[in-house]
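Listed below are the structures to be examined.
Each of the next two complexes has chain A plus one more chain, namely chain B in the first and chain C in the second.
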Partner chain A sequence: MTLGSVPSKFKVSIDRDQCMDCGRCIENCSYGVYRREGDKILIESRKCTACLRCVSMCPRDAITLTEKPVDYRSHPIWTREVREDIIKQARTGKIILSGMGNVRDLPIIYDRLLLDACQVTTPSIDPLREPMELRTYLGKKPSKLKFRKTESGDVELETKLAPNLKLDTPIMIGHMSFGAISLNSQLSMAKAVTEAGTYMGTGEGGLHRDLYPYQDHMIVQVASGRFGVDIDYLERGAAIEIKIGQGAKPGIGGHLPGEKVNEEVSRTRMIPYGSDAISPAPHHDIYSIEDLVQLIRSLKEATEWKKPIFVKVAAVHDIGAIAAGISRSSADAVVIDGFRGGTGAAPKVFRDHVGIPIEVAISKVDQTLREQGVRNEISVIASGGIRSSADLAKSIALGADAVYIGTAALVALGCRVCGNCYRNLCPWGIATQRPDLVSRLDPEAGAAQVSNLIHGWTMELGELMGAAGINSIESLRGNRNRLRGYMLDEGTLKVLDVLPAGA
Partner chain B sequence: MCGIIGFIDRTKSRIDGSSIKAALSLMNERGSGYGAGYAAYGIYPEYADYYALHVFFDNLAKPKKKVDEILQQWGEIVHQEEIPTTPQPNMQKVHISWRYFFKPSEELMAGRMTSEDDVVTYIVMEVNSNVKGATIFSSGKNMGVFKASGWAEEVADFYRIQDYKGYIWLAHNRYPTNSPGWWGGAHPFNLLNWSVVHNGEITSYGTNKRYVEEYGYKCTLFTDTEVVAYLFDLLGRQHELSHEMIVRALAPPFWEDIDQMPPKEAELNKAIRLTYGPALMNGPFAIVVGTDDGIVCFTDRIKLRPLVVGENGNRLYISSEEAAVRILDPEVKNIHTPRAGEPIIARFIE
Partner chain C sequence: MKSVRIDARGMHYTPLNQKIRAAVADGVEEIILDNVLGQRFIGDGLRGNVRIIINGVPGGDLGMFMSGPTCIVNGNAEHAPGNTMNKGMLVIHGSAGDAVAHSMRGGKVFIKNNIGYRGGIHMKQYDADARPTLVIGGTAHSFLGEYMAGGLVLVLGIGKEKAMTDRGIGSGIHGGEIIIRGDVDEHLLGVGAKKFKFTEADLERIAPIIKSFCEQFGYDPAEFLDTNYTKIGPASSRPFAGKYVWE
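This part shows the complex of A and B:
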């Protein structure tokens, strides 16, 4: 090899005057940045991922971290990233693996959408004094209702409602599997969603028995590897989600490295200990939309038509037509995952280049379903890059019924978005199965943090709606009149069906 | 802020428009001189079987020729004339108001469009979105809307409202806030025999509009109230919901109240909210709707706009202000204010 080493990404330094030599940094860093030699703590900056575990645990604030201490000659096209990717592949001849979501510096449409508020002509509504309804039902809805008169002259409902999930707030936690993340992470989130009156996904990792007490708030996933799926699993879930694709890596399957497959993961997923769990790109029984219909109906039949079935797809170019097809497949909800969606492990080229933004995908799906006259009959769940209550409100105004959050929930658990989830070394006890690391995450504390986040966003959403003179979530849904675009191009505004600010 | 009036005589005994005009003018403080209008039912007994299409024309050349063509394609014009008007010194005549009495041929319409009503709805949507210089603002049978920009009494005198006799009257004094003060933007809004007067602003307009558009309605008049007429037509005529159920869909009980209901009632209300969530109207409003068989009035769920109801025998009076009700009938009894979202429905006595 003639390539030599590339510059270190970060430089870690310790203020030796401040340092009390407690060694917490050594204990906490699972990446092996720190080691003790004699009476000195030595630093190997090259191993640092900027997970900030040491910084947050240092009792003296003695650690400093600098990004790019040595950089390349600046060049607008041959960026550091481009050059390093080439060097990596020249070394290995392999596909580059990455974690978390898209890192490219593309404009974020959410940040260029502005919400409305009432002034003078319409009073805003104070959620502290007036009812504010965020309750959301996910599942099939009738297109119209039929009533009949009883002999006594009372009006009775003739139409039968299909099973729906009742959410107290339109925020759910997306599918992150046991295996990709730790049991303590899942437990924290399960407790949080149960407390907040909402739901979370199991991911394609089965349902660990410790989660059974929260199963009424869990959506079980059936993905292409069918890991963890049996009738008991299906029956435990509040709803079932068929995962076709994922925003972080549309068109390809999943990969759980064998290092993460310990005994518990192996049992829950129903796969051999220590083996890589590789989900194929397509479901091997779904090669067309009619196959999807069969799988949906089989799952419904197996669970006696008692559970809503969701179908999750990555937001790709033709997402409108895809969602329309799904809407006619007896699915109860369609989940669209935008190109900023996170993941434990994805080929970098997919994570950063395949798929479309969730904002335009919501808009397109909502529009297509309306053209077919079925928008209200099927629920639309948006995910992939939702970072705040503002993103949530904008997603609903564009046409979503509810959202899944992923990375945001992990950040509430301690994640600092270092993007090394696939290495089984997560020092926050989240994306790892190493018992010593997992034990760092206390499920009770984690649950409180995640539930705080959901409550905070829920209150903010209520305030935003009240300011817009709206006291019920269904009146925000698809209400694009209450959005304006700022510095968005005409084409994007047209797809979003949103007026520019000032118009 | 706007002033609204609703009147019904349940025995179909008709009154002329003079007291309506007097009552509406009393509420000029709620208006701004940028729009007023009247709807009267029972005014065209001699043409009761035909659709009375009231049209604003920018001129009688091109736009009228186009509308004539469309109507002749779709049926028969039994009679047509300019709506008689008297010039008012402070009112500019922006449009020529025309009326057709029209008999549609329903056999021309394919697919789900089956009734005469569907043909007329199609014509209204077609003209209002595609014929420049023409707006059909009234399309019911034996009823008509008369509206323009101006003060309540000017618009009444312009259309000679005192010359019409009706058993339902709706009237509206406008203070435009969310759209320009143009003739088409004045209330009442009408489609077929549904007419709407509205005080308030519908914050859910974007959602409601996109919902009715799924069913082929087109919102072309730049005002939120238009969508209410289409919601009533969709839920009442196409989905065949009773007036009570329509109001329940548009201003449903809060979940916290539904949760307290007996199971059957709770299930019914839940079904309405799930099925008709996109029809739910948010924001402040007091609304009176004229229909085939009576009138319906209701307010938003937290009653952010006033509504007063009074009765006298077979007559029911509704207004934004009690004083206006007393002008309509000094002998009025049982004046009360309905609760938020509570429907007041008056039907004809057969």
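This part shows the complex of A and C:
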């Protein structure tokens, strides 16, 4: 090889005056940055991923981490990333895989949308003393209600209602499978959503028996690999989600490498120990919208029409028409996953270049469904890059019923977004199956942290609504009048159906 | 044996399945469905050991997610019978459509005549108890055993000069085996599929399946108990290894 090495991404140093030589950095770093030689702790910066485990565990704040200690000659087009990708592919001739979500510095529409508040002419509401209705029902809503009078003179509902999920807050946790993440991560989140009165997804990794106590708050997933899917699994879930696509990698399937398939993962996914688990790009029984109807109905029929069925798609160019098709397919909710959505592993070119922003996708889907008079037929769940209660409030104002969070929940568990999820070495015990690392995450503490996050966002959402004079989530949903665009181009504003600031 | 007869004429699949479930809950051991015409999802998610005789042509996804029962179809079947089936048996006295036994994890699907495209697609196995078997008496269209991850697909080619003439056999296969009567032209194999010698040990292994199939359809098993088969399996159990490099 004539290419040599590329510069180290990070430089780690220890302030030797501060260091008390306790060795916690050595114990905590699963990437092998630190080692002891004689009475000295030596550092190998090249192995560092900036997961910050050592920094957070050092009792003396003695560790400093510098990004890009040696950089390339600056160039606006031939960036460091571009140059390094070329070098990597020149070495290997392969497809580059990456973890977490889109890393491109593209404008974030959420950050260019501003929320409204009441001043003088309309009063705001104080959530401290007035109830804020955040309860959200996901599933089909009847277009009209029929009542009948009983003999005793009471009024009875005649319309048969479709099963709905009842959420105390419009924040759910998206699908991250056992295998991609650890059981302790799933347990932490399962306890948190049960406590918070909301739901989380299993991903396509089956439902581990330790999660059975929380099954009423679990949405089970059916993806193209059909891993872990049997009638028992379908009956346990509160709802069933068919995964067609994922925002981080629209149009392609998934692939869990055999190294991650240990005994528990094997049993839960119902695949042989150590074998690759390949989820093909398409479902092989779905080649048309009619086939989607058939899969949805097969799931409803198997579970005796007691469960809502969600269909998850990646946000792509024709998302309006796609969602309109899904709304006519017997599905109870459509999940749209934007191009900033996270993943354990995806080809970099897909993660960074395929799909569209969730903000425009939500708005387009909501508008299309309303224009076609079918918005009541289906709930809209948004996911992919929702980072705060502000993103949540804006998503709902653009037309979503609820959101799924993924990365945000992992950050609440300790994740520092280092993006090395695929290496099975996650020092926070999240994206790993290594028992010593998994045991670092205490499900009780993890549950409290995730539950705190959901609680904090829920309160902030109530405050934002109160300030805007809104006391019910239904009045915020699709209420674009409470949004203004700032520094957004005319085309984007038109698609969002949002006025510019000042208008 | 406790048996009931249900006339399915003009009945939607949901009430039909409700009747089947009610009968099973009632301890019925045999259910005879008459005048079945295109009702989908028969036996969908059904558990137990009931035997369902289907007189007519069931619609798509017969026995989907099924875990235990046996369905005997006196007629043809539509697409994907045995879809994601877990346990039990489907016996079809005719032909079936595309994606037969799609993602099946356990149990048996026996088809007397022919099947459509992508038969046995993504069939998988978990352990000794969960090893699915698909047997086709006639022939199959393209992409038989595509993406296969486990289990057995057997094609007998009864009444055919060549058991398989369509291409893409075992495309993307990474587990399990496809066994075809007679020789198979190399160009019919899909990406990642490889021919292996069919041995006496293989015959011994599949003989009980051949006998069971012949018993269902009244063939003489002796005709099929030799080593004139081609075995097709994965060239690698890691078809995607070597395709990627990490960031």
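Criterion: the second predicted complex is superposed on the first by the 496 of 503 C-alpha atoms of A that agree within 3 Å, B and C clash if a C-alpha of one lies under 4 Å from a C-alpha of the other, contacts with A are read in each partner's own complex, and residues count from 1 in each chain.
Quick note on the criterion: a contact is a pair of C-beta atoms (placed from the backbone, for glycine too) under 8 Å apart; a residue touches a chain by one contact, two chains touch by 3 or more.
If you're wondering where the values come from, they're calculated on a predicted model, not measured in any experiment.
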Open item on the list: Clash or fit: chain B against chain C, after overlaying the two structures on chain A?
Closed with: fit
- [ ] Give one of first, second, both or neither to describe whether A:79 is in contact with chain B, with chain C, with both, or with none.
- [x] neither
TODO: Give one of first, second, both or neither to describe whether A:141 is in contact with chain B, with chain C, with both, or with none.
DONE: first
TODO: Have a look at where A:98 lands relative to chain B and chain C in the superposition and call it first, second, both or neither.
DONE: second
Open item on the list: Output check: A:161 vs chain B and chain C. Expected answer is one of first, second, both, neither. What do you get?
Closed with: first
- [ ] Could you tell me if A:231 is touching chain B, chain C, both of them or neither one (first, second, both, neither)?
- [x] second
Open item on the list: After the superposition on A, what does A:297 contact: first (chain B), second (chain C), both or neither?
Closed with: second
Task: First (chain B), second (chain C), both or neither touched by A:469 - done: first
TODO: Quick one: minimum Cα-Cα distance, chain B versus chain C, in the superposed arrangement, integer Å.
DONE: 25
Open item on the list: Under the definition above, what is the set of chain C residues touching chain A in their complex?
Closed with: 13-14, 17, 21, 40-41, 44-45, 47, 60-61, 64-67, 79-80, 83-84, 86, 99, 102-103, 105, 118, 121-122, 124-127, 130, 146-147, 149-150, 172, 174-175, 237-247
Open item on the list: For a test of understanding, state which residues of chain A touch chain B in their complex under the given definition.
Closed with: 118, 120-123, 125, 130-131, 133, 135, 137, 141-145, 147, 155-157, 159, 161, 164, 370-371, 373, 375-376, 468-472, 474-482
- [ ] Using the touch definition up top, name the residues of chain A that touch chain C in the complex.
- [x] 88-89, 91-92, 94-99, 224-226, 229-232, 234-235, 255, 257-258, 266, 270-272, 275-276, 278, 280, 284-285, 294, 297-298, 301-305, 347-348, 419, 422-423
Task: Residues on chain B engaged by chain A in the complex (per definition of touch) - done: 1, 177-178, 200-201, 203-207, 209-211, 213-215, 238-239, 241-242, 244-245, 254-256, 264, 267-268, 270-278, 280-284, 301-302, 304
